[in-house]
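For clarity, chains are labelled A, B, C, D and E in written order, and residue numbers in each chain start from 1.
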Amino acid sequence: MSIFNNAALLIGVPLLFAFSIPLFGLISKQLTKWVTLFVIGFNATFSLYILLAHKYPAVVVMGNWVPPFGENLYIGPVAAFLVSVISIIGLLIAIYNLWAIKLGDVTRFSVLFLMFTAGASGIVLTGDIFNLFIFMEITGISSYALAAYGPRRRALGGAFKFLVVSSIGSTLYLLGVTLIYTQLGTLNIAEIAARINQTTPGLLTFAGILLISGLAVEAELFPFNGWVPDTYTGAVSGVSASLSGIAAISGVYALFRIAMTVLGRDGAYVFTYGKLDLMTVIAILATTTVIIGELSALSQKNVKKMLAYSSMAQMGLVAVGFSIGSKLGVYGGIFQLVNHSIAKSMLFLIIGVLAAAGLGEKVENFRGLWRRSPFLSLAFTIGAFSMLGFPLFAGFWSKFAIVGASIQRGGWYDFVIGLVLFASIVEAFYYLRIVTYIFSSTEVKAPKIKVSLSPAIPIFVLAVAIIAIGVYPNFIGNFSMQSAGEFTHKMTGYVLNVIPTIVAH
Amino acid sequence: MSQSQWSELVNYFRGRSMWMLHYCTGCGAIELPPVMTSRWDMERFGIIPMATPRQADILLITGYLSIKTLKRVVYTYDQMSTPKWVLGFGSCTINGGIYWDSYNVIDRLDKYIPVDIYIAGCMPRPEAIMDSFIKLREMVQKGEAKGYEKYTKNYEWYKANQDHVFGRSEPVLRKAEEVTKSA
Amino acid sequence: MTILLKLIQGIGVGALSIAVGLLFIGIGRKITARIQRRYGPPPIQNFFDIFKLLSKRSISHGFAFDLGLIAGFSALLAAVVFLPMGQINIFPHNSSLIMIIYLMTMAYLGMAMGVSSSGNPNATIGIARALTMMMGYEVPFAAVIFSVYIFSRTGSLANIVAAQSGGFLNWNLVRLPFGFVAAEIALQGMLGEKPFDMTIAPSEIASGPMVEMGGKYLGFGMLQHSIGLFIETGIMVDLFLGGASNIWIFIAKQFVLYFAALMINAIMPRFRIEEGVSFMWKFPLLLGVVQALIVVL
Amino acid sequence: MLKYVKTLNSMGLKARPLGDWEFEVLTPKERVAETLSYLKGSGFETFIHLMCVDWIDDGEFELVYNVESYGEAIQALVKTRIPREKPSMMTMMNLWGLCQVYEREIHEFFGIKFEGNPNLEQFFLENWMDLPPLRKDFDTKEFSEELFGFKEDESHGIKAPERIEYK
Amino acid sequence: MNSNLIWLVALPLIGSAVAAIVVRYKFLDRLITFLTFATTLFVLFSVHVGQSYSWGLNFLGTTLNLTLNVSHLSIFMLYISIAFGTVLTFYSLIDHSRMKGFLLLLILAANNWIFMSNDMVGFFFAWELMGWASVVSVLGGREREKSRHAALYYMIMSVSGSYSMFFGIFTLWRLTGTFSISANIAYLSSIVGIHPWWVLGIVSLFFVTFMIKAGIFPFHTWVPLAYAYSPDAFTPFLSAVMSKYGIYGMLLFMPLSLMERGFPSAFGGVPWTNYIFVWIGVITAVLGTVLAIFQDDVKKLFAYSSLSNLGYVVAAIALFTPVGITAGIFHAFNHLLFKGTLFITLLAVISRSGTSKLSEMGGLWKKMPITFFTFFVGIASAAGIPPFNGFGSKWLIYQAMIKQHLPFATILLFLASTGAFMYLFKAFHSIFLGQLSHDYDRVKEVSAVGKITEFFLMFAMTFFGVQPGYILKPIGAIVKSMGLKPLPVMANGYVTGMFSNIYVPLISWSLAVSFTLGFILFFVSAKHKYVSQENNYTAGQIPEDWGLTPETYQFSWNFYQPVEKLFAPFFRIKIDGFFRGTGDWTKTIGSAIKEIFVGNAQMYAFFAIVGLIIFVIAGWMA
């Protein structure tokens, strides 16, 4: 295979340039940002090429070691779809950063940002649980550093909390991997997924719990998501946009890759092996996350903190979607995941632009924004309505699918979705509280806010994307439908593509 | 049915149903209840007390009229619609009665509003009032009670008298200041 | 051809109702006088009053004032045409009770509009009291309507009268006694007789709505009152006293009802507005509901 | 009733009983408030009337405050003399609020200025510019003839009654 | 597969996009809105009953076809809503309140889709779209702060309503596997005999949404706020048309078979579920009337009046007899007509007098005679006075009620209708009659456009009052399509009730004749002369001396104060206590939960470990 259509480039190129940026840094600080822009641009075009030209499923073998022996990257419909989403959002945030990141150590920021995107795409692409750990560490470390970037002291506090909790998470994950490795002797996801039954159920449940709690940190599920509000509020808006956009995707993907493909059992509804059905555990965690996220966002006065809680709650909703286990549920989950990252990163970028224009983060400061900058307030409204799931906006179809799937599954899931719907009423309340502030005009004549070109592009593109998906959902719909298939039908979807010869027992 | 016969018929009906404005200005008003109630019952002549000048035909001035009350009486008289009649009760309306030399009571009512019938007596008894009502009915039926037309015809004279009393701009006798100043 | 005939009959009935109404008021004044040991005016006194009023000049407050009072008079004139009286029944299949009631509310609305366009607060307070009082007596009357509708299974007055034909025994008065008493008290409110005449209280609000009504407008008001009197008593006769065979018995029955109302009027003092409404919602409503339950169960 | 008369005399005022239920107190202008508050303190709560008498020959006005003790059914007349030129008097409103009305009337008909009384405008006589009418030096007959034009020689055949000279 | 149906939905969407672009230029924006409404009406003429259109949308894995089909009910609803919308937008060409055209067009698109859609996903999509579009348009009201609060309150109610419909849709989908409404209803009515409680549960899920949107008793608290504080140009549409979506929904989900067999018949032969709905309708009617009587803000007064009229409609429909449903739909149409007229005239009055408080207006009939007449015809028809259109439906409702032997309901409805007369006259008097204050001297009559609309509305009200046949025929078709025997509508204008029937033109002829007689008598008697408003009977006191001003002499403050004591105990029950209670409860819990995120790393780490331990124990025990 020619070097150019090898998927490993998606990880290799950003890492290569990440470490060569200090050289460019010598020439000029601004150049580093342009370099990051080009690299992520390459990443985006290449992954779009794979996605649109339907180049998947493809297995990329490292050093001719055929799986299950060597490491491999597996690009299924999920991987291709999520990588392209990650890199597009990364590209847009990079464009935003051109304007946003001026002061402080620009080169260091660009290096970290490139590592961050490389790590995230790595998590999504890798077919090996240990590799998954490595990429998780790469994204982890770069996101702590990115979170700490910026003049404000609170950033340090947030980053430190993130560091503590996610290091606990990764250690737990590592323990789980070792347990699996001692049992089955292999690290390859496909092989583990096929031979999961050979492990003793007690040990398997313990390993599963460790793995799930490890990944739950990154996927922001209830007990492990303490760090979310402070990190997001502390970080610079560009960084919190990328955290909520990219890190969230990779976190949730990793959690459910392990839960459904590795530990899961095929069937109408995916159940995990072992004594405890981890999917119901995740469902419980997810519902509590939604409830807690929405309710604590209700009484927030600071907009950024409110968005943080809301993204935590949305991640819970996505987790509920996945944990239903049916094809429709996972479809809803992925669709909501993508919609959320689009809308939430746009909202964070808008907050960033407003903060730069001197507007405080209090909810009251949004009063009369419509007069001061129609473009930003319109974008904010579109983002808010898409989060709430109003029709004509992207969020509607995904929330529709999740609720449909959970009611279709019936049983105690009706109660789950009841709570989620109640929580989303609360969410509707605090989002619309801001929207009504925006449209209610104040007497004091405030100056117009001028939005320079470079932040305007990403916001505009994302807003158009939301409306486009809202009006005609099939842009994202088909891809998420195929990827849902890969999750729910573990054997046919994932394992046999990687190791055609394996026999499941 | 020529014009005169028609007006004669109209006057007949007007005579048979006269409505009195229940508006008591002076001490004669106490004479009205006996006229209305069972002993003398004026309702048999179709006369009932009405609440507002718009609905009334007869305006009773039942006693002395101070300048202040006169102003209100003239305003009420204007609010009544023609044909309207005025009955002056007692001597106070004729020549000021016992207040003939009072600084506040007018002496002749018909200098200010046209009066159709004066009823003598320092407050006439109900019989006198009943008699005046019947007299008024005959005058109306014969078409002689034309007080209101007299008012409209020489309105300037009446207006002059009224302004003379109401619209004084300088004192009638002497300047109050130089009197009180000295006293 | 029949249209012309109906037209003449209609105008005839209108004139009849005015004449009978005025006669009733005249006789009423005579009887009240007699009760107060007074001699009292001749029964045809009201015809003199009407003629005098119409020949008297008057003041008006704009075309809404004129239109309102004319509407008050003519809406009732239109309603009286549908009332079956004795053998004169101009539109036999078109005399629904609810329709007549609503036509009468048109008269009240017209009069209310005209009177309150004069801008005199006395008038508007009077109208507010009249509307509240209407809400008061309309509710027990609704109970009565309900029980009559259910009992005679028809809505048009002509059929109700037909249902009560035959001797005294099958009059609704006998068969729906509670309903009759409730309707009787409601009738007292409708006619605006003494316990419920707070709308035109001369002492408190200077004869209420009629404060600005001069000559011919007061004439229209009096005509409206007379036709209203005729219709309301006519409805009561049709509903409860088995609607007479010929017009004279019909008028006699009407007079009996009016006489009863007059008796109460001559003696009773005047209710305050909220006392009047709460009185109407206590006893008559209770009777009406009892009657309705009897009929329904 | 005698005990009030005795105490008032002891206060240096000339008090004397007029009947078995009434007594009068002559006080100078300055001590009116003092006597009235003493009387009010000892049971004379009801203020009945404030009168003014025009002694044109002495050139003085006499103000008579009539108060009553309802419990013992005794009335007191507190009299004081004020000069006729530029007549003025302190208001008694702080003792009895209703004095305001009486003082207004006396001001309107006698021209006595009451300091401290908030509202002394015209009330009965509208548009009155002449001498306050109840003063003796105001000739009411001449005013009436001037204003209402009723001359004796008007041919109404009604002879006005002859005039009684006041002494 | 007629494509003109899709045009009915697509046209407003395109129009709203165009209007959104030109939102800066007020007149252009309103012109586009009006043109879109007019062309939609034009397209509507080509739509006939029975046409259908569906297009596939591969979503949720299956090719989900969103079907539109036109039934009698939907064609009726489409006609009245779009026709009224055209009249309103034509009128608002001259108005300059802050109504955004593109939002109204979005609502129109949703409106057409709701009335035509036969599948639940499309229905829900349009319902939500209409929901948020109307919430945002309520925001533009005159008083900033109040309209913001009203919009939030309305939004919460409509979102929770649509979520309950969400539940209903998918439970049905789980049972029947298809989204099409007709199939689901057929399925429901087939199993109603077996386990009625289950069916009642599902139908009540839908009914909660429809009752919220129509503003019926338990969920009516948002109605006065939303109507009173939304922009004046939007309130007519909100109150006249949008409250009918709830009614349309109820009619859609309440076919005869569904309710009839399943439940034991309660008092008077009406199944007890319907009996409850009749009582809910009646309570709403009485509640609306009583609260409306004592309002001082005119828009709030008419909001409560819409509430009470919708109570009438629900009470009539819930009877589920041919007369009942005909009366209900007829009253819904009448309510749309006269309430729309009242609010349109209010639009003119409020924009000219600058205030919506009843106590600050008065005597405007001298300055705005045509608006005065329209308002008069409006309140006459709202009070149900014969020649105008309100009478027919009220008359039929009473007949339907009496036919079903419901004494208390009839009595309360009568109370509501006379109460209606009270507050209608109060509004009429306080705005137009009485003393004209001097600062309204410059007020001018509405412009030509306004006059045309007002004449048209007056003509419509009298026309449908005199000739109810034109409306009763389509309603008869609807009733037949719902499986009931429709009311016989013989000659045009001949309304047959259960008990008696009236030939309505006859009433108008007798009124015309008696009016001519009245005028003749008026001009025969002595002449009258016109007098200014100050020349009133004031017991002899001359106004100038007394310092009388038109404002002080106008009686419109505390209009029904004596009766207030009568209803005082009634006001103490705070109905929306429940909703405010839940609101505050969630807020307190929210702030309590916020404490969890204490903010120091050790706590988070501690949480993580504790969570882990719990899982391990759970795994060990399982």
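Here, a contact is a pair of C-beta atoms (placed from the backbone, for glycine too) under 8 Å apart; a residue touches a chain by one contact, two chains touch by 3 or more.
Just so you know, these numbers come straight off a predicted model, no measurement behind them.
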| message | Treat touching chains as neighbours: how many steps, at the fewest, connect chain A to chain B? | response | 2
| message | Keeping to the contact definition above, tell me which chains border both chain B and chain C. | response | E
| request: Would you mind telling me which chain pair, A-E or B-D, is linked by more contacting C-beta pairs? | output: A-E
| query | With chain centres defined as C-alpha means, what is the inter-centre distance between chain A and chain D in Å? | reply | 100
| note | CA centroids of chain B and chain E: separation to the nearest Å works out as 60
| query | What whole-number Å value describes the gap between the mean CA coordinates of chain C and chain E? | reply | 36
| note | Separation of the C-alpha centres, chain D versus chain E, in whole Å, is 73
| Of all residues in chain B, the ones touching two or more other chains | 52, 54, 71, 79
| task | Identify all positions of chain E at which a residue touches two or more other chains, and write them in rising order. | result | 535, 537
| Which chains are in touch, pair by pair? | A-E, B-C, B-D, B-E, C-E
| remark: chain E contacts chain B in the complex at 535, 537, 540-542
| field | Residues of chain E touching chain A in the complex | value | 57-61, 106, 121, 124-126, 128-129, 131-132, 135-136, 139-140, 144-145, 147-148, 151-152, 155-156, 159-160, 163, 166-167, 170-171, 173-174, 586-587, 589-591, 593-594, 596-597, 599-601, 603-605, 607-612, 615-616, 618-620, 622
| remark: Listed in rising order, chain E residues that touch chain C in their complex are 268, 363, 365-366, 372, 376, 379-380, 383-387, 391, 394-395, 398-399, 402, 405, 407-408, 410-411, 413-415, 418-419, 421-422, 425-426, 428-429, 432-436, 497-503, 506-507, 510-511, 513-515, 517-519, 521-522, 524-531, 533, 535-537, 539, 550, 553-556, 559-560, 562-563, 565-566
| Sites on chain A touched by chain E in the complex | 157, 160-161, 164-165, 168-169, 172, 202, 205-206, 208-210, 212-213, 217, 222-224, 226-227, 229-230, 274-276, 281, 292, 295-300, 327-328, 331, 385, 388-392, 396-397, 400-401, 403-404, 407-408, 410, 414, 417-418, 421, 424-426, 428-429, 432-433, 435-437, 439-441, 473-474, 477-478, 481, 484
| task | Flag every residue of chain D that touches chain B in the complex, lowest number first. | result | 84-87, 111, 124-127, 129-133, 135, 137-144, 146-150, 156, 158, 160
